[in-house]
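Two complexes come next, and they have one chain in common, subunit A, joined by subunit B in the first and subunit C in the second.
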Partner chain A sequence: MSRWAAISRSGAAVLAGLLLLQAPALGRVRPHYGGEVRIESSGAEAPDFVKLLVTETLTYIDARGNVVPGLATSWQSQNGDRRWQFRIREGVQLHGIETDTPVTAALAAEAIRGGLSRTGTAARVHSAGTEVTVEFDAPMPQFAAQLADVKFSVAGSDSHGIVTGSGPYAIQSIAGPRMTLAANPDYWGGRHYPETITLLWGRSTREQSLDLAAKRADLIEVPPQELHRAQQERSRLSKIFSAEVVVLTAQRGTDAKLRQALSETIDRAALLNFIFQKQGSITGALLPDWITGYGALLPAVHDLSHARQLRAEVGGRATFTLGYDTKDAEMQLLAERIALNAREVGFTLQCLARTTDVDWLLLRVPVQTANPSAALTETAQSLHRSVELNDATLESVFRAERALVADYTLIPLLHLHHAWAASDRLHDWSSASPLDPLPAATWVDNKVESKP
Partner chain B sequence: MSFRQRLLLSMAVMVTAAVAAVAWFTAVRARVAFEQVDHQRTAAIVGQFREEFTARQAAVAEALERLARTESVERIAFEAAHGGDTSLYVREARSLAGEQQLDYLDLVSADGTILSSAEWPAHFSYKLTQAVTMHGAPALDRVEIADGVELGLVASRAVTVPDGVLYLYGGKRLNAAFLKELSLPAGARVWMVQVGSVGLTQASIVGEAAPAIDLLRPLLADAVTGKESSAAIATSSNPLDRMTVQAIPLRDEQGAVSAVLLVETSRRPLLELERQIKAVALATAGVGLLLSILLALWISARFSRPVEQLAAASREIAAGNWNARVNVQSRDEFGELGETFNSMTSQLTAQRDKLVQAERVAAWRELARRLAHELKNPLFPLQITVENLMRARALPEREFDEVFEESTSTLLEELAHLKAIIGRFSDFSRMPKPQVLKMNVNALLNRVMTLHAAQLAQAAKPVRLETRLDERAGEMEADEELLYRVVSNLVLNAVDAMPEGGTITMATHAEGDEVVIEVRDSGVGMTPEESARLFTPYYTTKQHGTGLGLAIAQSVVSDHHGTITVESAAGQGSAFVIRLPRWQPQSAVQAEATR
Partner chain C sequence: MRLEMRIGGQSANRYNSRIVRKTLLAALFALSLALSCPAQLPSPDAVQEFASRIEALTGPGSATLTATNSSSASVEQFAAFRKALQRDLQDAGVRLRQSAQVNSDIRVTLSENARGLVYLAEVQQGSEKREVIAEAPFAAAVVASNSAMTLRRTQLVSSAEPVLDVAQIHLANDTKLVLLTARAVVLYRQQAGKWTEETASPIPHGRSFPLELRGHLVPSGEGELDAYLPGVICQVGFVSGFHAECRDADDAWPLGAQAAFFNSSGNYFNGLLRPGFGGPLPPFFSAAALPYPGHTLWIFNGVDGRVRTHDGVRPATLNVRDWGSDMVAVRSGCGSGTQLLVTALTDESANDSLRGFEFVERQPVLAAPALEFAGPIMAIWTASDGLSAMAVARNTRTGNYEVFNVTMGCNQ
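Moving on, here comes the complex of A and B:
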């Protein structure tokens, strides 16, 4: 045996040994079904993405903002986007209920009616066979994208009054702020890996962190003010991007110059840097730049001297009330800081922990879709404003957004980053984002230690 | 006011005054004692406040010292000194303050930028309005917060790290909770008033259930200038809701008055005590008054009865009952007084009897003298005539007849004279009752004028008779004849008083319901002594008067319910003034008119 041959044999033996040692590990990274994902959230109700695991919408928005089929396999618009026709996916069953496609279409029509009534949009909705038709008086070019919102999800109820849907999971039980979902093996899109999902909502950020650290939770929310710490602690985080816009809204009629003066008074950078530890961006636009790309065209202006000049031109009363959500500590701090800024140009903003009967209201509006037209429509509707789009193009969205913020009745302040943190038990989770914290490819490693 | 009433009043006044004096003295002493206690209580509260203040000062200083040594503060100081990301610490102050139980905590960089603020979290990245200075011991200061300014006990501490320094400004709030921690005596309350640049408002008062700021303004006006002062204020219309408030200025490190401590003690206990004293005094005065009345009644019964008997006896004597006597029952001063009175009365009665007797003798003597005088004048011619007649028996018949004729004539004249004298005395003794009829007094005076005027004007020394009559005096009721005789008598007296002639003026005028008749002469006049005795019967200043004329005149005037007086001075003439009621009471004329 030559020297090289001996070396080669030895190397092969070592490689073979290494491969043998790695064999169990390679076996563990292979996705498999089963296991429980424990999710915790802070809201007063289940987060939308969990709702959308149970019920489905006619359309979905993918990560790039494109509208893709959901319960509807295809759609078309007519009459200048005033008439929309959706073809319902055949063979879809609601959990535990025997349904055929026309029934699903009827439920879809009912869901559309309900969603439109919540937004105050007038339309005529009817289903026929496997099709659902929606007719508007005005053009609705963004309607297909808008249907991806959870409020248009198609749902029924079983004999016990529990909500049922056609999603990959069915509600197994609801007890207080705890909900258990069981995987739907007949899901038309293919069964998801985890067998059950347990959701516990109404948990504080601190409780969620502790539960994650103690391996009592697998997926928790990370709000912007906690992101820096989470990053420093090297937590396992989803993609981080702006999923929330902070807006100051005028609740009562005031002079436009006065509103502009207030807008230019606010030091957004200080708000972002100190209160949210730079987790986001300052903005003059409602939609985040990652959705629209035109954020630079709607800049945030901080010009105290100009604000003072405007204030002097307007005169009038100088005392206003500024309301904020009483349960939101960040909003309180934000409101107090804005009041402090406003003092510099002669405004007195009295901060009140309430959301009604105030001159100005500070709001956090979540951005739940990557589609610009749908995002603008949903955001505007959350702010009780209406949007008129000529079409679903980005240019049209820009014009509509510029019109919304031009008169300073809506003063966008910050886009805030959001993320989710996951435990080591979740695999194939790298595509997770604030909009989709639990991708379909994610599976649970049952062998990783967990505590009840 | 009777002796009994005066005695009663005196005793009531004495008792009331005594009770009032005692009540006043007690109230004053109570007030002084209360104010002393009040002062001590206030001093105790202020002392306690200062103790609490000192304890808080120590607590603040210790808390800052502990903070300065913590790893987190040192890390922040290091980051700040080396340009690190201080935005991460914007909430740090609040948690650090919470750990050290501080109400205020500012983390301030070397250039005065606030990195984090516990009391005003939104104040981050702003610079301090005043230069970074180091407080010594914790001191009173005004702390800026989002809603304004609060009063706090503030200290500072520098945390030095290589290449830099971090300042800690921390403190505790001096608020209602702090004041509540003071254990106060019952009825006492404390507040603090923030003294700021915006003036004093109700919001400047720290503490619960504070009185209205307007009530405190005068007090605070002194206190903000550094003077301790106190005042009584009323918080409601209830007089018991009065309180004494003492204002104690509290100074900051620079010596400026930054707050005023108000210590209130209720005056209710004092006022209730005063009320009780008044009630007791009133009750005592009432009882005393009642007792004094009873005592006065007894004393007056004991002492005033002899006096009253004495007064009654005096009144009887005044009424003419000279036999009135006082019944003496006691042997005290009143008994002695009664005996003296009785003795005096007996002596007066005896002397009166002697006087009456003496006057009667004198009257008889005067009457005898008058009669002797009056009768002696005619008797002497009678005697001479009779003696001439006896001597004339020896004369021849024709001569005797002449003498006889002459003597009998003289005898008859003198006898007539005697008869006239006796008639006048008889008239005086039998003065007739006036026959009152309606008459005209002016006509009466004219009648007198007619009778005497011509005769008087032709006399050797002529006398002029004038009248000055008032028509308003005309009609009246009187006995015209008697009144005519009175006026004539006065005119004749006036003539006698003017031996060298002169003027007699008769005048009338009306004064209310009276008619006044005046007869004035320009004669020799009279001395006051003569004037005083003028109307005494048988008194006369004339050589041949009986002294009855004016006495008769006075009698007539008196019978007409009138008066006659004389105004005279020697050498200046005399004026007799008669005042008569125009209408006689129950006169026949009136009776007839009534019918």
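Moving on, here comes the complex of A and C:
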């Protein structure tokens, strides 16, 4: 269990925010300080973007996927990307702790060790002066981008065991699934505009929607199956793009031809149209096209005659179990439709509401970064695969991704659109996206009506 | 948008005609860029490099070429790209044919991702298929100014880092451009008609800068400027070499005949003025002075959204509801002689605009319709000579900060 998950479950949970060092998308009315942003989410713990408002990482990924400085001001790699050196920003303090606790290279090294252990990556991490050195046995060209993930955040804890960081907000209180953050006036990147942020997690989509309509929330999630309705109702939406990939994963050894046949039987377009109201795209790639642009080279193939041919070549029995998350209604529908498709070419798929002890598993994997190399690494880790990159170029990422899907043990199906909806109180929100629902430039207009 | 074209080529011509054709195509390529809006294409060099990587796979034999547009590039831009690629492949020795009797099939897709355009090529030789992928960051969008408008703008430079203010400095035999950024005071010189960075002097500061950083350049003497930032003042000199000496200070920022104290942890003036009007004003984002016979009418754009005036005796509030936070006065010589340039109100649209107002009986009257910008105006100050304004707009497509000199034209 991750440290963050543990904190959340113990009720002492977490917090927040993504500091994008790219310049904010300010409007023409200059931002006002003060006010409260009320966020609601559905997960079992605070979303990562909120966590990164409290703790920070050594690097950040900007909206274009570029790696930019965070708590590290500069970095370099040597020895074919096996050795990485990071220079830590000086004069940054952890907030919420009575005594001054500076962010040191030693603290950053500890955060890196923690993140690496969670990904099962072996490395030697040293700190000296203001520098941290990380040495790998194999090339890690994506490491600087990978460090932007929340699992590498630099954090401490106060005397009550509450997480503290160096970010633009500090945890003020936690009570059950509600957390209040207060602006850090001394934030090294400049104080953020809203004075407080309250987060309520574990809210259903319907509850969130009602709270936004009743002016009790300022920022809510809009999952793919709700997007069409939100658009029809002219909700104020963030940028909409694919932030989740649905993947069919082989959990046990099967014949490669059978796997390919199964992939080619699946009518992805029907899955998208009927279950997700066309809010996304069909895919043969793990990463969405807006991140890579090379989706055309990994097309989704739906070819029943070829699938039948492959199935006939293998012969024998083709009965498998297909598992899905018991709490996910869309995944159940998806599994049942896939089973229906598979029957057309002689497969028998038994759909089971469980995620263990199955032949195939249907998974939703969130896309958490706009950087191609980091996105592929994190997606692969979520699917219990590892990625080997020669370098951080797009072509290298493509070759690594193609290698992941080439044997059909991972069958990408859909990229699903996500968005956030906001109240009229939020200004300079136009750059908001599923990955960054609360941009640093956003401010609150207290003159607009809100209700407690 | 998806557009597919199957094209075949002719054998390569003689070297000289190739150069002429290349020049013409490059001009066509550039023209298509200039005439079209945002869907920007990269430099011809990027296409040439892509072609040479394809040729490295195909060798100098014959090939078919199929090109598909999966990007936001317009039909014209895609056609220009296709022509440039065809030319560069032929120059590299690939003989493009339409027949099936070829060594290679090349399928090219013009795609894009969050960073820019992506060129994809699949090269099929027999049963073997290999790929080439190249990225080309978005080039700056070319947004044509509407020449019919009274307000006109000239782009001076485009910078990747935020620009807070800009000043032109006229030295003995030279004119320089000075950009104030969060990082440094940056000196530009003109070279072949373009402003290029010459040198920079860093700005050390003891305290953190606020999130929305503002700054102002003010002439302080012959060949000297003062750079004001929240909590920091730099003296910028040019006579004995370019240099900037900075110190932590909260001195008032000169705004014409008044000096206003800036909130060093925010993005606004706190309302204290020197010499002032006998008492503090509500905090404001921007101020401008319009000359009237016998007095000056000051206009303050308040943090509370209200626009107030003060003639030195009486304060008043203007009934305006669609003004942005920033405004400057420009001594154009048109109409009453001085106009107020005001940014737009909404923050919902990606684009911003400037409008020009005359003041008649102390009330604003629209004098120049909106001049559009391809992104929010992040900073605008009256130029050092008072005759024009220096505006910095962040291009929402490229993310670059584009510096414009904005003038008010008469006889429109």
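Everything below uses one rule, namely that the second predicted complex is superposed on the first by the 415 of 452 C-alpha atoms of A that agree within 3 Å, B and C clash if a C-alpha of one lies under 4 Å from a C-alpha of the other, contacts with A are read in each partner's own complex, and residues count from 1 in each chain.
Note that in this section a residue touches a chain if its C-beta (ideal position, glycine included) is under 8 Å from a C-beta of that chain, and two chains touch if they have at least 3 such contacts.
Note that this is a predicted model, so its numbers are computed, not measured.
A.B. asks: Between subunit B (first) and subunit C (second), which does A:Ile275 come into contact with in this model arrangement: first, second, both, or neither?
C.D. replies: In the superposition, A:Ile275 contacts subunit B only.
A.B. asks: Counting only touches as set out at the top, which of subunit B and subunit C does A:His192 meet: first, second, both, neither?
C.D. replies: A:His192 contacts subunit C only, not subunit B.
A.B. asks: In the overlaid three-chain picture, which partner chain does A:Glu336 touch, first (subunit B) or second (subunit C), both, or neither?
C.D. replies: A:Glu336 sits against subunit B, while subunit C stays out of touch.
A.B. asks: Please tell me which partner, subunit B or subunit C, touches more residues of subunit A.
C.D. replies: Touching more residues of subunit A than the other partner does is C.
A.B. asks: Going by the contact rule set out at the top, does A:Ser430 touch subunit B (first), subunit C (second), both, or neither?
C.D. replies: second
A.B. asks: Of the two partner chains, subunit B (first) and subunit C (second), which one does A:Thr348 touch, if any: first, second, both, or neither?
C.D. replies: Neither partner.
A.B. asks: Looking at the overlay, does A:Ser173 come into contact with subunit B only (first), subunit C only (second), both, or neither?
C.D. replies: In the superposed model, A:Ser173 contacts neither subunit B nor subunit C.
A.B. asks: By the touch definition at the top of the document, which applies to A:Ile291: first (subunit B), second (subunit C), both, or neither?
C.D. replies: In the superposition, A:Ile291 contacts subunit C only.
A.B. asks: For A:Ala63, is the partner it touches subunit B (first), subunit C (second), both, or none of the two (neither)?
C.D. replies: After superposition on chain A, A:Ala63 lies in contact with subunit C alone.
A.B. asks: Pick out the shared contact residues on subunit A: the ones touching subunit B in one complex and subunit C in the other.
C.D. replies: Touching subunit B in the first complex and subunit C in the second, no residue of subunit A appears in both lists.
A.B. asks: Residue numbers of subunit A touching subunit B in their complex, please.
C.D. replies: 228, 270, 273-275, 277-278, 333, 336-337, 339-340, 351
A.B. asks: In their complex, what parts of subunit B are in touch with subunit A?
C.D. replies: Going by the criterion above, the answer is residues 87-88, 90, 120-126, 146.
A.B. asks: Residues of subunit C touching subunit A in their complex?
C.D. replies: Against subunit A, the touching part of subunit C is residues 68, 70, 109, 111-115, 117-118, 120, 122, 131-135, 161-162, 208-213, 265-268, 285, 303, 305, 324-326, 343-350, 352, 376-378, 394, 396, 399, 401.
A.B. asks: Enumerate the contact residues on subunit A facing subunit C in the complex.
C.D. replies: Counting only subunit A, the residues touching subunit C are 22-33, 63-66, 185-193, 289-297, 370, 372, 393-395, 398, 427-430, 440-441, 447.
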